[in-house]
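These are the structures in question, set out in turn.
First chain A sits with chain B, and in the next complex the same chain sits with chain C.
For the complex of A and B:
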């Protein structure tokens, strides 16, 4: 006969307000095999845990049911408490009386009956539980950081400084990401490249950081501690080992090329780097603009290169790397022009987005930091900034707030006034969201010192007239229609996940939200972890966020990755699938339904059977559900346990 | 007819005489001319016992599992047998290279009981074509419509010839498209009528397991219907529903619509109707035109992050 203890928690008033816990305990005592049942105000508290431990010892319990809150809250707590008292932790089951009963019911009598049934079900389950031992997995002591922007660099730097090696994979030819495109940063107005460049250099020369730029992660297999990553490096058509970074090629190249870095505001060359401080300081040839690749004679770059580094035959190359943890820091894009017909974005050259304005403002940008409008190069006397272009617009854009636009628009208006002292900035806004250290004060400075005129309302349309742009809007505070003749219109376009983020999520087998941002495991308690163990998130790839938050989150992700890497070995939950090989027919339908590629065929006595890799298995149970013969089982959730639970509830 | 039979005996004798094949599966004469039975030929001299005629009704595919234990197998294969073999191969139960498939085009098999009722005596021969069935006994020849005396599984057949073949006894006939008329008709009925219908059918089940034993999709080494902890005894109608639903769900998405379960059922429970309902739903939900033919991608047995889950909005 089993010896089971049932512990019914009041959870303060959370459970007792709706459930008569004493009656539930009395009902539990009546179940054959239950030798101990008690109630307590908070079993999760230290005295509560001691009560459980004491009962395990004195009543020699071989199974424990804690009737309390959701197992996602305190299952680990109670398992640990049981283990300390000498009981195998997997002989502890949680009956969820809070989320699944007291919180969702109001009728005390029926809620009590239901609570008793939930306890009975868990008693039936725990009777059929097997003691389990955690699975030991080795951890390969190296991290992969995907993305070489400020988030990726911070995470890589922190991990490397803590003593572990890091591989950084960046899609662009150089490190820096979005932050490298910015002019100044709010609210302190530090020059973005002045604070970013030293960090970039530190990362690049760190002995434990390896950089792979112009590269992409193509395939990821394995599991926490043991990922295997296939990385593709695009052809640069320049031998970077031979190249000395003199950039004579860029200087002499006759083919102009629009480069993504300038965001439509300036041209680069078909060969070269995106910006002068680029790290690594090595050029790439952009095939689609190169004369040689367009079938013409040219090869100027090859002729001027003093070391013969240009190699038109270079092909895509691949490498396989082993890593123990992955930080995903792929950053953001902004909403493309096609979305904003009424603002004439994409139609009129002087309607630009904020990222383009950053380039106009940047001292290393195409205008040398002088704000000139794209159409004729004139210095704009009146500039209209339109916030929430595509954000907070559930009908045509995105329902979410892009978070950074209020602040960078204030920064733009401020910097504009500094550079054009007789200029006037107008800001159309919905609300000003300036929560952050020094943020609200900065917006006030923009209004008070830079004289920016804030107009609360939406812009109806923008159209050209006499070489200027007429902006028609409504000031909802005064209730009047506003018309501003502007030289330049700047849209604070919505922040989107980076192009390709969904594909990468699929490769990594991590989840994305409805907008394509990577999903965290828990919005409050596990904000930098994903549901896939060993993969962490940093920066705007998870949600719109500014530089300061991004860096903080990147350090958090690094800390989580380090938590893995420093241990060398980790324990995994043994609640994984297991095959009864004698029953398995080898149809491998389990393999097809497994979301984690955890199942492979295995030869056993001249036939094939399914075999589960416990490191990859996440215990979802899809395989156990699809297996017709019941050969696939899930530890802790066997078919017989589940049937016994159902029967206990029904009887 | 006799040409095909002679060719079949030659091929079987050749395969068995070559020493590489241990068994040839076909039919031999049974108790009366209208009831030939499945037969394992073990050596070349036994090939003369093989027959082939419109009374050959049973499915042969499942028998390869037993025969393969002794070595490679040659097998007479109609469209339905071929799909059954494809199923067994897809399930990893049978290796294609251990089979020699002797393909024959089939226009339908005669139900001996119905034929005898029509003729008033045991038919000796039958001729089946696309329009009618001719039953022959002595001097008497009677031409009757196909649906009056073919096996029900043959009336809905759209696969007269197998898709896999190593040798052919005749020219293959083209495949058709299933119309799911009977299922559509059933779907029109109100829920109470459908429940009453199935309650009437399932109440008759005697748990003989013939439906499972002949099914090419039910080839698990260990069947959960045999597990006393997973499958209740037949003590109530609910148990019968449980049994029938378990069987139907376990072949859902894998059924090749050979109709062998229904043919084998001694209580004439229309099991094909259940199987066809699944097939029709797969066709409609996943846009697969021929869901009964095994393919590399089986919609009920795969994981796709972008699974449309259209059933969520489908209240039917």
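For the complex of A and C:
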């Protein structure tokens, strides 16, 4: 006969206000096998835990039911308390009397009857629990960082500095990400490449960091501490080991190519790097623009290359890497042109987005840092900035604030005035959100020193007239309509997750929110973790954020990854599937439904049975539900346990 | 007061059980008919569990999981969807009223929806009266 103890918590008045806990305890005492039942004000408190421990010892309990708040609150607390008293922690179950009973019902009688049924169900369950030991997992002491922007570089740097090796996978040919495209950064107006280039060089030189650029993560299998990652490297058509980075190829290449880095503002070449400070300083051939690949004679690059590094036959290559932790830092995109018909974006060349303005403003950009409008190269005398282009706009499906636009628009207006002293900047805005150290002061400087005209209101439309753009809007503060003739219109387009972020989420088995940003495990307490253990988030892949916040979050993600890597071993919940080999028919239907490839066939006495790898199994129970012979069990949620719960509830 | 219908709910721990907890922390009142059984995933729910509940006198059964695409285990709720589409038809074939069994997607953020589903189902079950069809005589 089992010896089960039931502990009914008052939770102050939270439970007792609706549930008659003494009656619940009396009902529990009447259940066969329950040898001890008591109530207490707060079982989660130190004296409360001591009461449970004392009962475990004095009544020699072999199962404990704590009827209290949700198991998500204190299951771990009570399991630890039981373990300290010598009871296997997996022989503790929680009946949820607070969140799912006392807080949601008001009729005392029915709530008490329900509470007693919930306790009975947990008694039935705990009777069928087995003592379990946590699974020990080894941790492979290496991290993978996906994305080589400022977030990925910071995370990689921190992990490497702490003494662990890191693999950085970047989709573009070079490190730098979005930040490398920026001219200056707010609110200090540091030149972006001046602060980014040294960091990039440090990362590239670090003896514990390995870079794989022009590469993508294709497949991820395994689990925390033991991920196996398949990485595809796109063909660069240049042998990077041979290449010396002289860029003669780029200089001599006759084929212009629009490169993503310039964001529509300038052309590169079919072979080359995206920007002069690129790290690694190695070129790629962009097949779709290369004359040789278009079937024409050319091969100029191959002819001029002093070391014979050009290789038109290069193919995609793959490699498998083992890592213990993963940091996802894939960054952001901005909303595409097609979405803004009313502003003529995509139709009129002088309507551009803010990222394009960064390129115009960048000294390494297509205009050498002189702000010229795209249509005719004239220096614009009047520039209209439109904030919240797509952001805070439920009609376009983006109800969120993109967070960085108020500040970079102020920066743009400020820099514009510095470069064009007789120019006038107009900013249409909904609200100015300048929360951050020195941010509000910077916006004020833009108004006071740069004379930017801030107009609170929406722009209705933009249309061309006499070689300029007429911007029609409303100033909601004065209640008047406003018309500005502008030479250039700059849209602060909404921040979106990077293209392909959803596919990567599927590959990594992590969740995305309704807008496609990666979901954190808890918005307050676990902001850089995902629900998948061992995978962490950094930067704008999780939500729009600026450089300072991105770097802080990247360091946080690195610290979390290090928390894993510095331990050689970690413990995992043993609530995994297990096979009753005597009953297994060897049909292996279970194998097909397992999302973790945790089930393999095994030969036992000349017949085939399923076998579960407890390290890979995450305990979802898909196999247990589909098993036709009832051979597949699941610790903590076995068929017998669930059926016993059903019976107890229906009694 | 007339006896309340008995509603057995299987809720995945990641989404729907957490959604029910949220209904609690938000103090959204709903009928005490429902008794949740916490499972790791809606894909863990064996049809036997549902049928046993009806045999033992449950008036209604709810299986609740994460929205398609949001499964913590990637595909568990998709198996549940296929499986319970069949189970539902089977139960109807046996003569059970369709309102007595529901499969619902309730996320951890949808406490309101959880309360709403329980209210709806309880109202349906009160209207239908006790399950006599599958209940075994005690």
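Methods note: the second predicted complex is superposed on the first by the 642 of 651 C-alpha atoms of A that agree within 3 Å, B and C clash if a C-alpha of one lies under 4 Å from a C-alpha of the other, contacts with A are read in each partner's own complex, and residues count from 1 in each chain.
Note that a contact is a pair of C-beta atoms (placed from the backbone, for glycine too) under 8 Å apart; a residue touches a chain by one contact, two chains touch by 3 or more.
Note that the coordinates shown come from a computational prediction; the quantities given were computed from them, not determined experimentally.
Looking at the shared chain after the overlay, A:71 reaches chain C, while chain B stays out of its contact range. Between chain B and chain C, C contacts the larger number of chain A residues. In the superposed model, A:506 makes contact with both chain B and chain C. When the shared chain is aligned, chain C comes close enough to touch A:103, but chain B does not. Legend: residue contacts after superposition of the two complexes on their common chain; A:626 is shown touching both chain B and chain C.
Of the two partner chains placed by superposition, chain B and chain C are both touched by A:593. Once the two complexes are overlaid on the shared chain, A:639 sits against chain B and chain C alike.
Touch criterion not met for A:460: it reaches neither chain B nor chain C. Shared-chain residue A:304: touches no atom of chain B or chain C. Residues common to the contacts of chain A with chain B and with chain C across the two structures: 506, 593, 595, 622, 626, 639, 643. Only residues 1, 4, 6, 8, 10, 14, 18, 20-21, 23-25, 27-32, 35-41, 43-46, 48-49, 52-53, 56-58, 70, 72-76, 79, 83, 115 of chain C touch chain A when the two sit together in their complex.
Residue ranges on chain A touching chain B, taken from their complex, read 506, 582-589, 592-595, 608, 622, 626, 628-631, 639-640, 643. The residues of chain A lying in touch with chain C in their complex are 70-72, 96, 98-101, 103-107, 109-111, 113-114, 117-118, 121, 506, 509, 511, 531, 575, 593, 595-596, 618-622, 624-626, 634, 637, 639, 642-643, 645-647, 649-651. Residues 91-93, 219-224, 227, 229-230, 250, 298, 301-303, 305 of chain B touch chain A in their complex.
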